[in-house]
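Chain lettering (A, B and C) follows the sequence in which the chains are written, and residue indices restart at 1 in each chain.
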Amino acid sequence: MNEMPSIEQANAMSDSKISANKVQVYYGDTHAIKDVDIEIQPRSVTSFIGPSGCGKSTFLRTINRMNDTIDICRVEGSIKIDGEDIYDPKVDPVQLRAKVGMVFQKPNPFPKSIYDNIAYGPRIHGLARNKAELDDIVSSSLQKAGLWEEVKNRLDEPGTGMSGGQQQRLCIARAIAVSPEVILMDEPCSALDPIATAKVEELIDELRENFTIVIVTHSMQQAARVSQRTAFFHLGILVEEGPTEDIFTNPKDKRTQDYITGRFG
Amino acid sequence: MPLFWLILIVLVIAAVGYVLGRARAMSSAGGELAALHSLPSYYGANVAMKVVVPAFLLLIVWLLAQPFYVNSVISDMIPETAIEEGSSRGLVLAEVRRAARGLDNAVATGAMDEEFARNARADFADISTRLRDAGQIVTSEISQPILRAAQRYRILNSTGNLIMSVAVILVALFAAFWALRETNAEFRARNVVEQGIKAILIAAASIAILTTIGIVLSLVFNTWEFFRLYPASDFFFGLTWSPSFSGRGSSSQLGIIPLLWGTFYISIVALLVAVPIGLFAAVYLSEYAGPKVRAVAKPLLEVLAGIPTIVYGLFALLTVGPLLLSVFGDEGLGIMQAGTAVMTAGLVMGIMLIPFVSSLSDDIINAVPQAMRDGSYGLGATKSETVRQVILPAALPGIVGAILLAASRAIGETMIVVLGAGAAARLSLNPFEAMTTVTAKIVSQLTGDADFASPVALVAFALGMTLFVITLGLNIVALYIVRKYREQYD
Amino acid sequence: MTDATLPPETAQPAAKTPMQPKSLYAIDDLTRKRNAAEKRFQAYGITAIGIGLFFLVVLAYAIISQGIPAFSRTVVEVEFTLTQAQYEEAEGTLFKTRAYEEIFIGALTGQLQDSGIETPVEPEAIERIVGKPGGTIREFFRENEDRLGEPVQFDLAASSRVDGYMSGRITRESMTDSRFLMKSDLDLVDNLVEAQVIKTVFNWPFITGADAGVDNAAAAGIGASVVGSFFMMLVVLFLSLPIGVAASIYLEEFAPQNRFTDLIEVNISNLAAVPSIVFGILGLAVFIQFMHLPQSAPLVGGLVLTLMTLPTIIISTRASLKAVPPSIRDAALGVGASKMQATFHHVLPLAMPGILTGTIIGLAQALGETAPLLLIGMVGFVARGYPEGFIEGFTEPNSAMPAQIYTWAARSDLAFTEKAWGGIVVLLIFLLSMNILAIILRRRFERRW
């Protein structure tokens, strides 16, 4: 899974999907993210790794402005998607989040039917003109998430009644249904068993064809399995970023090396 | 206050027992603390506990039982002939008790001597006049049987009290003696005392059950009594409420339907005010308001819940009623006759319930996990879309439970309707007309001058029973729903 | 969701086409509409809170504006000297009080003239303004003969109509001539006010007095029922606190998981929601009919309110006990304390501030409760005086503040309405102090684990 297409590597820097420049995040008086610069490539998977509390999740949440919902949180610097600064006052976070979807650590299906879970996003964003179109979106999203065969006969059952792995794939399908360009995943497998994890990882690998994916993970093995590029965060600082293979086999920074060899974290 | 002295004597015995028990334990261990099983104070407490508990239990049982015994003896003394037309044995017994109390007071103030009070005959000494002269209230002329009964009543009570005092003190002394005898170094005093304390704790916790039993029994017995005098079917299905306090209630029509209608109508108006306002306030406070706004607005709203209902009642009667009357009354729209009306009471009750709905809903909305909100925001939903389409549906069972609890409150509310809704029992659709409720009628039937044994007073218990059953049903359903809801997210 | 069997093949295309790359800077129509809906929704919330707070303000305004007049009363203040000769002469006449009244009117006219006001003073008008002053004055001098020959100041209560005129309850326009007050009397009243004979003073009798007859609103006071409430609260405090704490300790620390415990729990949560009037019925049937406890007694009122308050106190006490971390219990058990010792020596003291706060709030709730008291006969007109002693305070018939307010409110006389509002101010002052005490306790002892 982790073979690295060399063409992608070649034009990595030229047209990145997301580019962050001197990003600072403060929680009240705490300086949680310091001076992060990163370029994220389109149609690839980028992993953020690092010890707990290193700021990787916080940084991930700045990319679709989820931190806006926390009162004491403040973001400085610039994050551009397709060259547009998402913290520009002209940008409506609602529209941004339609473009940058998110999947969370714990599967969080709404207490509604499977169908309504998927249809929720398209409905609020007005993506379907009629019932038939909505049905199409629901089924295609479920297919892309590899869940269709398992649930096609029980679309009106509550989403909360499924197994953990199914719930997480439902959440991925729900994110896909809005047709985002970027999908952020915050430790999507941390609450799942190994078999469910394998399925989700497989799914992530397939989704790479159509979406730019950023995944925060606690597991270095997972980062190595699913991502093309990896960024290592430590104490709110982006220590090192590069092709996954290089990070794991030949880290440039001492801290990265210590982390991947298990000295801390 | 002989009872007071009796209690004091028992407590003194207990205190002495404590000191002796402690000393005896110390001496039996030869002054060696380590030789004792428990701390010395436990030996003392053991004795004190064994004195107080049986003595007080006996006292309470005796105090409850003695009136029954005395009453049955006295009741047998009164011949059927002494019961006048239109009176009842209960009323005559009350007269006997009054006469006895009058004699007691007359003796206490020195207007009579004990000898005279015991032996006077109504036909020789004019006892009624003498009692009246001594400043005692006597409702009618005391006849010879009543006086005889009253004298017997006094004697029975005073002997009863004497025997009780002796018995209680003996029990206390015997218990102290027994507890002291078992006191020695090996005695596991702490375990015994702790068992005793635990029994007291259980007894305290059981008071909740006793209260419920008390409520049910007092309602059931009197309701049963009422249904013997008045047909239950007329009560439950009667469409007219017009009690007649004269003629022993035979001409009264006591149908509950108009009262239930008034109750539900007012409650519905109240909920129509409280639910939207309370719910929106809860949503705003939990989802939108910053910590500062929340810290100010939430307690201020809750002040509304801390205001006694009598204040709301007065507010309805004197402020809201006249205000509504000036708009809807004869000078305005002409659909309101008086300030007291369904609308007045309902509106004010609604205000009272706002904080009740809002704080319950606030709790319930806060119990919806943050992950739900994140999931919705992550998909690009606005706050209001998240609230309406994710949070409220998720919180719906809890909110329904909260509304049911509020409804139960509204149905059981008394002072607002007593003062604000009017007194006329009516089956009408006009919310600006005066109507009355179950609770208001319970108050008026039991605070009137009616004899407790008559249907017009007893009906209050049947009304109370109905009220209790309805609110209990609502509460059980509501608490069940809310608990199930909370378990879902725990 | 009806298309659950939709074949996957046909489901593929339509919505699959990726969205047109759209600038984030351009807000589309739908988003604009959605944001407008968002604003509206937020406005509903603010409106709801606004309405709630508006009601609070209206309520507070109604109470204060209508309650304040009850705290002032109108007195007719006249000072004069009665000589021994005048006294004997007056006592010698046939209509003695009439003679004193003439002396009083003479003194009053004199004070008017001193202020430079010339106006005829008719005895009938004076009787309408101050009632019958002669009797009061005669009574005073018969009891204090030594005060003869020296100046004595009389503060006589003005009639309730005049009081109403002074407090604005009655206006010249609204009143009609009656045997209680004529329009022409108001001129005299105005003159007397100017001469500082009629004055408005703080109404101490309202604070300290007892209820008065239906025709004597001016004399009615709330003092006796405050005492009634006080004795009731003593009963509630000394019963509900120990019982509530004992029950909570059992349920929180010792109760096994069994049906008996469940039964207690269910009972407590249901009792907390039983209408208060049902507790009144319980009190009437059990304490008065069955146990023959004295009717209208604060003792019975206190017992009923105790049963009513217990669930509240148990619920808050259990919350305080639960807030004490288990580590404290473990620590005590670890050094060899018994479970009982751990609870009483360590857990209970730590939970005490929370328990006291909950108890005070429960007491405040009980203090404002009216309906059950009416059923056990603690209605306002019972409060005709202070109890004679401490024990009588529990057993003699009395009323309580809210019941007294209800009795006043139910009387049709507007003068009593004013008393009712005044009573509410007094009641709310008590409640406010109790709640502030609770808040201070909570702030002072709040502990974060």
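In the analysis below, contacts are C-beta pairs under 8 Å (C-beta built on N, C-alpha and C of every residue); 3 or more make two chains touch, one makes a residue touch a chain.
This is a predicted model, so every value here is computed, not measured.
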Among all chain pairs, the one with the most C-beta contacts: B-C
Longest centre-to-centre distance from subunit C, chain (CA-based): A
Separation of subunit A from subunit B, taking each centre as the mean of its C-alpha atoms, in whole Å: 60
Whole-Å gap between the CA centroids of subunit B and subunit C: 20
Residues of subunit A engaged with two or more neighbouring chains: 94-96, 124-125
Shared interface positions of subunit B, touching two or more other chains: 382, 385
Touching two or more other chains - residues of subunit C: 34-35
Residues of subunit A defined as touching subunit B within the complex: 64, 66, 69, 71, 93-98, 101-104, 106, 108-112, 120-121, 124-125, 171, 174-175, 178
In the complex, subunit C residues that touch subunit A: 1, 3-6, 8, 11-16, 18-19, 21-25, 27-28, 30-31, 34-35
List of subunit C residues in touch with subunit B within their complex: 34-35, 37-38, 40-42, 44-49, 51-53, 55-56, 58-59, 62-63, 66, 242-244, 246-247, 249-251, 254-255, 263-264, 267-271, 273-282, 284-286, 289-292, 307, 310-311, 314, 338, 340, 364-365, 367-371, 374-375, 377, 379, 391, 402, 405-406, 409-410, 417, 420-421, 424, 427-428, 431, 435
Complex contacts: residues of subunit A adjacent to subunit C: 81-82, 84, 86, 88, 90-92, 94-96, 99, 113, 115-116, 122, 124-128, 133, 135-137, 139-140, 143, 148, 152-156, 179, 181, 210
Touching residues (chain side subunit B, partner subunit C) in the complex: 1, 4, 64, 67, 190, 194, 197-198, 200-209, 211-212, 214-215, 217-219, 221-222, 276-281, 283-285, 288, 297, 300-301, 303-304, 306-311, 313-315, 317-319, 351, 354-355, 358, 382-385, 387-388, 405, 408-409, 411-415, 418-419, 439, 442-443, 446-447, 452, 460-461, 464, 467-468, 471-472, 475-476, 479
